[in-house]
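You will see chain A twice below: alongside chain B first, and alongside chain C after that.
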Partner chain A sequence: MAESQLLIPLHVSYIKSLGDSKDDLAYHMTAHLRMNAIYWGLTALCTMGHKDALDRVEVIDFVLSCWDDEAGGFGAHPDHDAHIHSTLSAIQILLTHDALDKVDIDRVTRFILSLQKPSGVFAGDEFGETDTRFSYCAISALSLLGRLSDLDVEKTVSYIRQCRNFDGGFGNTIGAESHAAQVFVCVAALAILDRLEEVDQQTLCWWLAERQLPNGGLNGRPEKLEDVCYSFWILSSLSIMRKVPWIDADKLTAFILSCQDPESGGIADRPGDAVDVFHTCFGTAGLSLLGYPGLVDLDPVYCMPASVIEAKGLRKDWQALHRRLS
Partner chain B sequence: MTSEPDAPLFADRPEWEDVVPLPQYENVDPLAPIFYTDEYKDATNYFRGIVKTGEMSPRVLELTENIIRQNPAHYSAWQYRYKTLMALKAPLDVELRLMDELAVRYLKTYQVWHHRRLLVTETREPGPELEFITKSLQEDMKNYHTWSYRQWLLAYFNDDALWSDELNFADQMLESDIRNNSAWHHRFFVVFQSGVRTGDENREEVVRRELAFVKNYISLAPNNASAWNYLRGILDHSATPYSQLLLFVTPYSVPRSPDADLVDVIDLENPPPSMGAQLPCVAAIEFLADIHENEGGDDIMKATELWRSLADEHDTIRKKSREYRIRDALQKVQV
Partner chain C sequence: MHSGKRVRQTPAAIEARKQREKSKIQDYLALTREVTSRKKSRDFSTEALDLTQTLLQLNPEFYTIWNYRRNILLHGLFPNSSPEGINDLLSSELSMTTAALKANPKVYGIWNYRRWCLENVPDGPETEDGLSHSWKKAKWDRELYVVERMLDADGRNFHAWNYRRYVLAMMPTRRPEASELAYTTRKIEANFSNFSAWHQRSKILSSLWNDVGTSAISSREDEFEFVRNALYTDPDDQSAWIYHRWLVGSGQERQTLEREIGSIEELLKEQPDSKWCLESLVHYQRLLLRNNRDENSKETAQKCLGFLLMLQEIDPARRSRYKEIGGGNSRTKHSMISYHSYLLFFR
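For the complex of A and B:
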């Protein structure tokens, strides 16, 4: 029997318990995502109105322990090299907890800018893998740090523009297929840079609406399976282009709710699959944008609590569905 | 997830005696304390040890391979492995053959593909890579990393020999799965998005060829979103008015006519929907509505009727988007 309610207390205790399952062998595989996992957990908790369920001081101490002093950025884990994705997560966590003053903003800015390639795209780390995901990480992080003025905007936009495809979507590199997650990073990056005119909005919104399948879930590319995380990639992109109503909200809400684990909490990619903190974050984020009652507003551009972004004066002209009362 | 079952721990191997293993830096971790298998803990302790001393030797290759096989997402191990290969001037063809195995095993790991990219940038021999990619796509015909690696390879080395068989390759991929969006995208990339291929200099002829190609595929399976997207892509790219497709699209936008089989003169330019295809086809109705909207004037009402039929009957899940189109079009008329 599919759940008809969001099981908030259960999800909160699921996120809190993530640190306890010491017999879970999967943990050692995900050390490279630890910083991101904390960001996902914290963001999900904020969306559900339980920001304080994780101890603020412990979280901040963990983030600071991941500082890579040689590179000037944050790694995913205390002894890992700095990476642009974990650096963004660290900044998001600290800002959510109003602790950005603990960061050497000049050094982080230099680290981020050092990863930009002549083509305008960003690499994830000194190893050099490039991807529009990393462009988003750089743009979002610089914006949150108040250092966007240090970025060569033309060069950055030019690369993203070249990733635009005939179907209106965006790929991870020039020439690559459109993919909903890459659409989010490119559209949100352009929104932060106030360059949404680079998007063929009519074609793209139509392509995004086409991602909804008869069971209500959304997929990331034509003829692929639905997955809870696409709720966020697609709803956030549509929010930025003010077209969330193009998705059948009731059906998508029911789909996300059906992916909950009603016994131990957490949300999975699809009904019956194992839950994880990533899909718990993006499932609740999707529900927030759909106006699900009782949730806190989430900023779709930065994927952070809307109140935090508003307080920084960074809110863009997005529109989610009105929050329902019941 | 595990290395060879009988391999001894590095701590038990005499040839590693001189390395000081460095245990994981322990710290508060509110969401997830690390719990490791003994094999993983052992290997990564020795890894931290050699990183600390900066050692780059053949045994580092053994150690990093061991870690990667346990956890292909360990990006520091990949990074250090690459640096070591360069420092040792190790034979990269040997490394690529090892990667052939690992890529298929860890198809969804970013690092596997990026490492390959770095190696091929050094060897500058992209030829054999195409064959490898073709083989690896057999494991997962829609793998995003694999396709994106192929597109990078073609664009980066960009020589005629490399491109020469690419259209043929895209054809074969579509033949094995007519709905594979990655293959449709690739075809567009090859034909329109990455320069002009030898033999394709006459662009009008290319557009005609591609239109015939996609119409044929639509007729075989009309309810195939990727093919309709491709059709729109060609028209937009060549600035061809959608209305030129009116004759082709119309039979797809209506229920099958009872006497359709009686037509004995087949219009080769406009292949009809195949027998048994489910009609009307949503994408065709949508396409026809776009033609009418572009015509403007009285045709706007025809467009709104088509959108209405999609909203209420043929594609109800996207009702809101069609109602938006109706309001939007009517507003434009009134202005």
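For the complex of A and C:
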């Protein structure tokens, strides 16, 4: 029953079909994630070597239609408020398509910096909650825009440092429990800022390795269920700390492959569940870091094609598994 | 982004569902258009407020609409209301989000909106017994009850735990930390696997022990007893082992460290292939080697190596880590240099 191969053509057609489901209620109910969904779809396509499966001009036009001129950032959909997460996705999409010249970089930089709080953490939007996820969005976006020099690095790092727990992991605010996705955002943010000495790497890599369950999948916190998206949050963190071999790559590969929908394409959180583009993106991203044959290298710090990041001169000292030939 | 089971539908069934959804989609899109056009024209009326409520009940993740709702209150309704009026408005906002959270306990936007409401509650008049901030106090005091019901439904919901810490920090009348400690005891005793409760306990105790100084010693001993009970109950559950590691910390108190090692060795006798016993023994013995150097070090180092070999067998998924710690991987010796040199030195 479990698939032993990555079904690339099926996943490509699944991602291409996402825009055709306008007669599906769920399509409209997820409009607040549209920008992110396009980034997830595009990144998955790039990882599978099918970047051009979504029309470049259409994608760029959509991104630009989400510009919120009042705030100076991108919303997730036309008429939605600018948000730091959709702004990062917009920048990632445009950079992947070599179209960053279409962005008013000064205004976006001002928008991002305006969301930093006195404590050093970032808010998601004008009223938004604060969260280390948004610190990552800010740091990654500023770095991709070449405007990291405008950031108060000490203040930013100081907040992230206070979110570190005794288990080596990070929470989303000061005092919060360690969570694998928050580990990714904090470790990758510190990697971009060249401040990985803030991480207790031995302890954290132990905690991350213990996320692997007997079925090969990874969970996000102790004694929780496995989920495909943690493959990326954990593998990217381990790649940044050069410790991917600390988990069983073969078992994780088999787990991700078992979450594919072999009939209609796409990857789910767990075997037998309904697929979505989020897990399709992070499942393929995980497989790329595991050296799955035929996939394109993905940069674990920015979660973008490695070639795009290298061309910008932004590559950090991470190490994924070598790409296998078969 | 986490959905349910994949259901295989026939093309006919899909077509039927799409037909059924057609009018729902039309209504939803019409309402969305109506609300966003009112938002654009800065309509801050009660009517607009009601429309956002209908839309948010259909889709609580629509963050833009939560923002609009705040703006309606801030710019339309608050300026024309007495403090009593504002308090009433916010009371009904809080009821609305209570219902929304029951249906959608993991939607960031609802939790966030609820915080905003609480932070905007007016202080209220002085009560007869001279208490100030009466409205504010009443609202915040109720929040712990609300969040406890959420944690009863799902003891690992990190939104609810984060919200709990936020409420505890913001309440006009602070709750003694001892009460929060008792809450974590209840949650842990109900389910030893609830690491969220163990985590909270580590935060509360850190704070308590910082404040009270010397009386912390006996309390620490009680804590070792508490966690030992959990370890013996289910040695395969990692929650208590991770917490135990916090409690031991850097192992500066040699006596405590050696006692804990002894206690785990006892457990290992009962459970000879317990991964967490072995893993923890390696960790604590390495601390012992790092902190103290004496005639027993050689024996301790050899014991560690033996445990690491056993771990490679019983926990093959993490074999590379055990090898590396044992010094088996010469390319990565930097991290374990002190321990590794011990092994070489005594070999």
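The definition used in the following text is that the second predicted complex is superposed on the first by the 326 of 326 C-alpha atoms of A that agree within 3 Å, B and C clash if a C-alpha of one lies under 4 Å from a C-alpha of the other, contacts with A are read in each partner's own complex, and residues count from 1 in each chain.
Going forward, a residue touches a chain if its C-beta (ideal position, glycine included) is under 8 Å from a C-beta of that chain, and two chains touch if they have at least 3 such contacts.
For clarity, every value in this text was computed on a predicted model and none was experimentally measured.
If you put the two complexes together on chain A, you find that chain B and chain C bump into each other.
Of the two partner chains, chain B is the only one that A:34 touches; chain C does not reach it.
Judged by the touch definition given at the top, the superposed model places A:55 against chain B, while chain C stays out of reach. In the superposition on chain A, A:18 makes contact with chain B only, not with chain C. In the superposition on chain A, A:65 makes contact with chain B only, not with chain C.
Residues 23-25, 28-33, 79-81, 83, 125-129, 165-167, 171-173, 175-179, 205-207, 209-210, 212, 214, 216, 221-224, 243, 245-248, 251 of chain A lie in contact with chain B in one complex and with chain C in the other. Considering their complex, residues 1-8, 18, 21-22, 24-25, 28-29, 32, 36, 40, 58-59, 61-64, 66-67, 70, 108, 111-112, 115-116, 156, 158, 161-162, 165, 193-196, 199-200, 202-203, 237-239, 242, 245-246, 249, 316-321, 324, 335 of chain C touch chain A. Of all residues in chain A, only 23-25, 28-33, 75, 79-81, 83, 124-129, 165-167, 171-173, 175-179, 201-202, 205-207, 209-210, 212, 214, 216, 221-224, 227, 229, 243, 245-248, 251, 261, 263, 268-269, 272-276, 278-279 touch chain C in the complex they form. Looking at the complex, you find that chain A touches chain B at residues 15, 18-19, 22-25, 27-34, 37-38, 41, 54-55, 58-59, 61-62, 65, 77-81, 83, 125-129, 165-167, 171-179, 205-207, 209-210, 212, 214, 216, 221-224, 243, 245-248, 251, 277.
By the touch rule above, chain B contacts chain A in their complex via residues 1, 24-25, 27-37, 40, 48, 71, 73-76, 78-79, 82, 110-111, 114, 118, 142, 144, 147-148, 151-152, 154-155, 179-182, 185-186, 188-189, 192-194, 225-226, 229-230, 232-233, 236-237, 317-321, 324.
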